[in-house]
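Taking it in order: structure first as structure tokens, then the write-up.
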Amino acid sequence: MGYPTGMPTVTVHYFAQLREERGRPQEEVELQDSESVMDLFARLFPQHTPRSLSVGFAVNQRHCSGSTLLSDGDEVAFIPPVGGG
Amino acid sequence: MGYPTGMPTVTVHYFAQLREERGRPQEEVELQDSESVMDLFARLFPQHTPRSLSVGFAVNQRHCSGSTLLSDGDEVAFIPPVGGG
Amino acid sequence: MFLLQKEVLDPSPLRRAVSDPGHGALLLFEGVTRDHFEGRRVTHLEYEAYAAMALLEMERIAADALLKWPTVKIAIAHRTGPVGLGETSLIVAVGAPHRPEGYEANRFVLEAIKKRLPVWKKEVYEDGQEWKANA
Amino acid sequence: MFLLQKEVLDPSPLRRAVSDPGHGALLLFEGVTRDHFEGRRVTHLEYEAYAAMALLEMERIAADALLKWPTVKIAIAHRTGPVGLGETSLIVAVGAPHRPEGYEANRFVLEAIKKRLPVWKKEVYEDGQEWKANA
């Protein structure tokens, strides 16, 4: 195994109450090994569980399950319960 | 029983194919004794039965059954299958 | 608001008539004249109405719907006389607090109109014409 | 036609986008902001969207509906930012050959929007505010 020249990163988007809590609409985050989108949520919002917020996930602008593994360059979004209509 | 000074009459309205067949949109018709709206139809359109045309009836601007008895001054309409919408 | 008119139908006044500060949903159905029927090319349509009774039937249909969905507002407009292709022959507007009763009441009113409203449609083809009843 | 915009929504372009000479039915749903929620007076609402994904989701929802009702045409517009009371936050327009698929496809699209569209609503009251999820 070689060493990567840069750490793999993802762009994370925050909306609604999560954006307000995080204090920003998006940020770049370095990935950890074999990290799923739910793992990333737990790392960034240790005070919450996805279930307690009923939060869903999107990777690369598509709804997905929490177990989806992340890759360098992915666009990640945490999706609180939606209210469109 | 006394004799009425004038024969009881109704105003009959025709629509769509019945209007075209009758050649007029409405007319005054003298009533016969104990005549129902279906009886009147049979008298005015002996070539048809209400069933053959699926014709319905209205008396005084309200849908009604063919057995409805007519009275002097009633407004009668024969209602061919409707096509609004 | 219940209208029967020879002029082109405009949804705006019906929309306003069914608006309410407590409503979250507005359902507008428009019946539009199609260019064909069972393969025959239609050039235009003509609607004939038993006008006085048609307006009463619109009120009765709306009253029936209000018995089932007391919180909705209903407006109906039907065109009469010649109607060109692609033009609107009927508008059913329903305002409702929430979407389910909006959809349901609108559909209920439309089905009742198709069945009960004393209005007749003549389809004029390139090679003839025919009075068309609703299925 | 799939729109996400801060400006007031106008049904006319959506209406035109779903028109077709073979269509007999046009169904327009409008979501309108209400003046109260569970007894609390709302002064206005604010919609926040994950814009790029919301437009993709509109396309995906329409594609799902077209699999079920291949003959319909669908247009969707959602407002973003502050929306005053009584204003339209969402329009779903469906043109269809006949009324049943018009009603059904419109409702299908609306229910999918309520569930899947990445858009969030903040209700602003006289005495506070709250992010409100769809039931």
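To keep things simple, chains are lettered A, B, C and D as they appear, and every chain counts its residues starting from 1.
Note that in this section contacts are C-beta pairs under 8 Å (C-beta built on N, C-alpha and C of every residue); 3 or more make two chains touch, one makes a residue touch a chain.
Note that this is a predicted model, so its numbers are computed, not measured.
Shared contact partners of chain B and chain D, listed by label: C. One simple way to say how far apart two chains are is to compare their mean CA positions; for chain A and chain B this gives 74 Å.
In whole angstrom, the spacing between the mean C-alpha positions of chain B and chain C is 27.
The geometric centre of chain C is 23 Å away from that of chain D, both derived from CA atoms.
Shown for chain D are the residues in touch with two or more other chains, namely 31, 99, 110.
Among the residues of chain B, those in touch with two or more other chains are 85. Chain pairs that touch one another: A-D, B-C, C-D.
On the side of chain B, the complex with chain C involves touching residues 13, 15-17, 19, 54, 58, 61-63, 77, 79-85.
Residues of chain C that touch chain D in their complex: 11, 19, 21-36, 85-86, 88, 97, 99, 102-103, 106-107, 110.
On chain D, the positions that touch chain A within their shared complex are 31, 47-50, 52-54, 56, 78, 89-90, 110, 113-122, 131-134.
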